[in-house]
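Both of the next two complexes hold subunit A, though its partner changes from subunit B to subunit C.
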Partner chain A sequence: MKNITLNRFGFQIVALLLVLIITTLILLSVGAQPLQIYKDMLTGSVGSVKKISDVLVSWVPLLLVTAGLLITFAAGLWNIGVEGQVTLGAIGTTMLLRSLQDSGMNPALILGLSILAGMVSGALWAALAGALKTFGGVNEIFGGLGLNFVATALTIFLIFGPWKRPGTGSMSGTEPFAEPLHLTLFENLRLSPWALAVAIVGIVFVYFLLQGTYFGLRLKAVGKNFRAAYLLGIPTWQYMLFSFLLCGALAGAAGALQVTGVYYRLIPAISSGYGYLGLMVAMLINYQAIWAAPIAFFFAALNIGSIQLPILHKLDSSLSGVLQGMLVLFVLLAEGVRQRLTPRT
Partner chain B sequence: MEPELILTGLAGVLFAASPIIFAVTGETITERAGVINLSMNGTILLSAMGGFAASSRTDSLLAGFLAGAAIGALVALVVAFASITLKQSQVAVGFVLALTCRDLAYFLGNSYMGVSGPRVPAWDLPGLSQIPVLGQLFFHHDVMTYLSFLVIFLAWAWIFRTRPGLMLQGIGERPASAYVRGANVNLMRYVYTIIGGAIIGLAGPTYSLSVKAGWNGTISGLDGFGWIALSITIFGGWNPLRAAFGAYLFGLLQWLGLALQPSLPNIPSQVLQVAPFPLMILTLLLVNIGDAEWVDRTLASLPESVRRFFTRAFRALRASPPAALGVPFERD
Partner chain C sequence: MKVELRGIHKYFGQNHANDDINLTIPSGTIQGILGENGAGKSTLMKILSGFIHADAGEILLDGRPVRIESPATAIHDGIGMLHQDPLDFPPMRLLDNFLLGLPGNLFPNRKEAAQDFGLLTKEFGFSLDPQSYVDSLTVGERQQLEIMRLLFLGARVFIFDEPTTGISAAQKAKLFETLKKFPEQAITVIFVSHKLEDVESLCDRVAVLRQGKLIGEMALAPDANADEKPFDAKKLVELMFGREVSLGTKQAARQDRCALSLNHVSIEDARLKIQDVNFETHAGEVIGLAGMEGSGQDLFLRACAGLIRAVGGRIKVNSLDLTGKSYHAYKKNGVEFLPAARLEQALVPGLSLTEHFVLAEKQTGVFIDRERGRALAEERIKAFNIKGAPLNAVESLSGGNQQRTLLSLLRDPLSLILVEHPTRGLDIESVIYIWGKLRERCRQGAAIMFMSSDLDEVLQYSDRVLVFFNGRVSQPLDADKTSVKQLGELIGGIGWS
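What follows is the complex of A and B.
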């Protein structure tokens, strides 16, 4: 009876079942029919090619953000400021698009440069949180939260101030960009192959960075034991700052693609909570890059499926957030129970 | 501006800050015990919705506040169970709860949107409200605002002036020593996390039944309060008095933003609403920078008189967290 390690997978199944039971009870308490709702959410997310492509539209930013966060988590950092880094990515992209749209340059070149500008802006915003952490001693959670609010304020200021639509500014955002400055879409769908490609490149890059490089190994050493890494001669604060930069660049790419491939303008809620959702995905997959793509797809499907709720059942679409949150919570709790029940050796 | 108008505005700041006061005080007590309750933003929204729903169903204000406190205590219990008993990351569990409770509030509150419900009536304290200036500032509110004044001093007195309070400081600073002195560290952490959670839970109904009565889902204007309150807790250096000062300062800055709006027509009001945040980051920086290593090194290279000034300034501002904050306690 030595060395019994209880099956992790089994505990996760139990957690999933508990989430389903509780969600069903919540639905019953508001007088809804749970089975019908699950069915509508399923057909609303993967019921047709068009729906699946909508899920992928939401999968792209979520996957990019998750990929970025895997880097900061590897360095032991809670980069909650990722939400603001998405926003700044969108702002940087919009800024370059605005200044180049009448320059007569090749639209494809403008688009490429703008997305790059978004990545740089996201990285710089992340570097700010990183500098506050490494040089100012400000915990990255609180610095990041504050910077998120500042990023939102900046967006609103730009939309109602310098970048306002001809006439008066409105919550609907800036003036949309002309057709040539939109990313090409698949025919009859809202999904852009370019955006899809960027997201896939992003997660593959992070997977190999963390699994197959010396840099990734040392980064994980910094995250696992800061003091030991420092004593081993790893330049710890440079590694932390650099992980912020990389995460910010990926989050910035997510924001850039929202502007160039989804909204074609800057809107007040451009980050749409993808940053916070990415943190949840990263936690649920226990920071393993290999699971990021499928779980991010599942979360995106819940988001898209829940759009049916207000339309068909007069319920709030935030049910998806409740499901996602409870799933992460119960998997964390199940892991805790498993560790407690596993005899220590 | 008219002096009368300024006085009304300042009294409004004290009134509007009451939910943040409850939140900050509850979090301060929790963190003093060594536990971070990061779920605050969700807890406040859920307790605001739950409190409003309970009191509009029963037509009893008391039921609303009890429901709010119960929700706060329950969420805190989950944080305590996950972190103390199951040894999971407090930050992770708290963050997940912050998002989940927020969405749960929006989902369950859907049918209470825009419903009219009870509201805590204004109550001028007899006698005291007649005092010129001070009376108008402090004693023309409702019972929850008075309770918010009271809870600041009660928490402060409990932490710094009583024996159990000394033990509370002990389990947050040096749990091992407190354990040797006979404290059941983990049980006390449970108790203080739950009590702190209940106080945080009062913040919600104080908003939805008093400051801005009603439940309006995502446009209630309450989302974000919890994150602000978390920053203010740190700004407050885990001292209820300093935390309350931070909460009022934040309210004052927001009010100034609105009051100055007419003279700054080029800046949209939404920007002025969040103007305190950069200031908040700046203060966090000032509070923490004394701990950074490079500051020590730079200071050491400065001439004696300059160095003494800066060292003193940093020490006055500095706020060190309880040493065992976020660290699980195991007796072995």
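What follows is the complex of A and C.
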């Protein structure tokens, strides 16, 4: 057993080295200085408290989305629609904020309700993909992908239609909400303690759900062998649908926090690709909840660290995407090679 | 084309699926291959048609040794196989299916192909429209299409795997008429079947496989070698099912309570229709279901578990009408179904033994009590003599231990246990152990219904036997008064009124 773990670890190290080597080659090929770039990315992400807090701002939605995806992956489902579920979370939150902002209610209550509304919206959007799968026979990948496009279109429609700014609609989004409807931030930072708390509660919840509960065990049984789970007496489609609901709620929370704690309005790209990035994190950690927090932090750090690149090196910030993508590919590849080389007993 | 198989061996793990098969099929003959399930027929045919590779041995075509790497090289060498489920593309036109597998051209010549298609249909008297779609065809017509396609590709040896399952009598007559024309063109036909009457009316020669070995050959055509015996159904049945049977002592555990009753039940799937079955089984009774694979016993068993819905009639468990209910409703009323494909359908690969026991137990609270789960696992592992540790993943266990695990997951008390192939692929020690456990359940008042292709097992452990043939269900036979030979004949379709 120990040998296998060690072996796996070795292959992962090789994968990491390969990623570094190839990235370095790419950088050299465009005439950049790799070492300087790596150093700048490092200081740009964890070089100061402010930078770290910026990374955490990005970490919150990524971790929530990853937590949600761990549930659907446990049920054997590829919830690609998570991106749209983040978007719908943002839309639901914006809707409630808009309708209650002039009501004179306690702002804290409004904020709480609107985040809840975001979670419900995300969950319902996910349930749609789930219903398409269980009742319509539509693979969740296709259903989810389609719903993602619908979600984006809906956002654009709202921003330029019913929710447009006084005067004319613009790509910069809806009219920002007033100060009292913003989540409180740490002093001098962009990070909200409330958002941080929601993300941590989210991942801890998922960890215990999957590790210690009957629900989690049954969900895993459904994901690993649908037919056997049914024979063991587990109501399989209900469990699948429920995993969609939970994932959608967590993704919806991510969207809600983007509105209430980062942008204070609905913008066209409100989900910022966190859904897809979450899929990568989940794959990279081999669906183990315990690794979600550190790896999501690493990915967020890459995102933030690369922001400096255009200014300092005239390089596009998409380098972080290249690194993230390669990381996932090579780690999966290393695992594939390892399994192929390991003799079967 | 003459086909020679020399010293073919094939192992699947411990299982010796083909054990030194030597068989020569002269050019232009129709060769029948008989054998019960798991005898090694399919393995041998898959080797010949390139789907799998033999571990040892060689194949000669017209005296020339060939290496068959894949189905594509097989057809290149002139060997074509018709599978039980036709390998075609239902949403495509007949003509496009016909062109598939043709080597070379990026742009197929449809016009020429349509002409060839027309010629071939005329030659065999098929009525197939090249422009219609495959999904509008019957199974029999799809076979005709596949035959034409393989002929067009240049097949000189045709392998048919159970071709008469699921087609009408008229289509069967047409198929046999077609096949009988093949020898004139020196085309060799290999006909794999379990239906004795089909083999008798079609084949020139027959070879019988049992437990991976070629156990006997027989010539059926009058002009064959004189020293080989003519068709003898009884002899064939004996060859297929082998061994003398030693009946163990029966235990009379039957009680008066009716565990399961079927009233005018009809069951259907795409292939088979089982009509109007009336049957009752009592608590403590063991019912064996015999028949070749796909004769309807599998449908019957699943219908009794609520896994498939009967199209007509009423099903009662313990006098409770469960007609049309789902398996979970049956389960609540003490019915358990144990499938043959243990790892595919019954156990969850990736989960440990402990996790399986926890899943099968009643839930206590929201969180799993790990200590209790562990204790439970240790107790069951001991009680059922499972060779494995609580944290072992189920897929790491041997087949026998997986089956023990499955039995150890059964709850108490049960009224009906439905089992597919309770001991298939298990060593003798496990077989005895598993039947011991099942009989214990009978004494506790459960009725057991099981299907098996092992006739000895059926006769040894059942009180009564139902035989299935092509969707027909026999009257219940008293196992004590039935011989392996009688059973074998019924399974092969002989002796049905």
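The criterion applied here is as follows: the second predicted complex is superposed on the first by the 339 of 345 C-alpha atoms of A that agree within 3 Å, B and C clash if a C-alpha of one lies under 4 Å from a C-alpha of the other, contacts with A are read in each partner's own complex, and residues count from 1 in each chain.
Everything below uses one rule, namely that contacts are C-beta pairs under 8 Å (C-beta built on N, C-alpha and C of every residue); 3 or more make two chains touch, one makes a residue touch a chain.
Just so it is clear, the model here is predicted, and its values are computed rather than measured.
The superposition on subunit A brings subunit B into a clash with subunit C. Of the two partner chains placed around the shared chain by superposition, subunit C is the only one that A:235 touches, whereas subunit B remains out of contact. Using the contact criterion defined above for the overlaid structures, shared-chain residue A:161 touches subunit B, although it does not reach subunit C. Look at A:201: by the touch rule set out above, it reaches neither subunit B nor subunit C.
When the two structures are aligned on the shared chain, A:221 is found in touch with subunit C, with no touch to subunit B.
By the touch criterion stated above, A:213 is placed in contact with subunit C alone, subunit B being left untouched. In the superposed model, A:312 makes contact with neither subunit B nor subunit C. Taking subunit A as the reference chain, the count of touched residues is higher for B when subunit B and subunit C are set side by side. Under the contact criterion defined above, no residue of subunit A touches both subunit B in one complex and subunit C in the other.
Interface of subunit C with subunit A (complex): residues 327-328, 331, 337, 339, 344-351, 355, 358-360, 363, 366-368, 409.
The part of subunit A that touches subunit B in the complex is made up of residues 26, 29-30, 78, 80, 132, 135-139, 141-143, 145-147, 149-150, 152-153, 156-157, 160-161, 169, 276, 279-280, 283, 314-316, 318-322, 324-326, 328-329, 332-333, 335-337, 339-340.
The touching residues of subunit B, when paired with subunit A in their complex, are 38, 78, 81-82, 85-89, 91-93, 95-97, 99-104, 106-111, 217, 224, 227, 230-231, 234, 266-268, 270-271, 273-275, 277-278, 280-281, 284-285, 288-292, 294.
The residues of subunit A lying in touch with subunit C in their complex are 208, 212-215, 217-218, 220-221, 224-225, 227-235.
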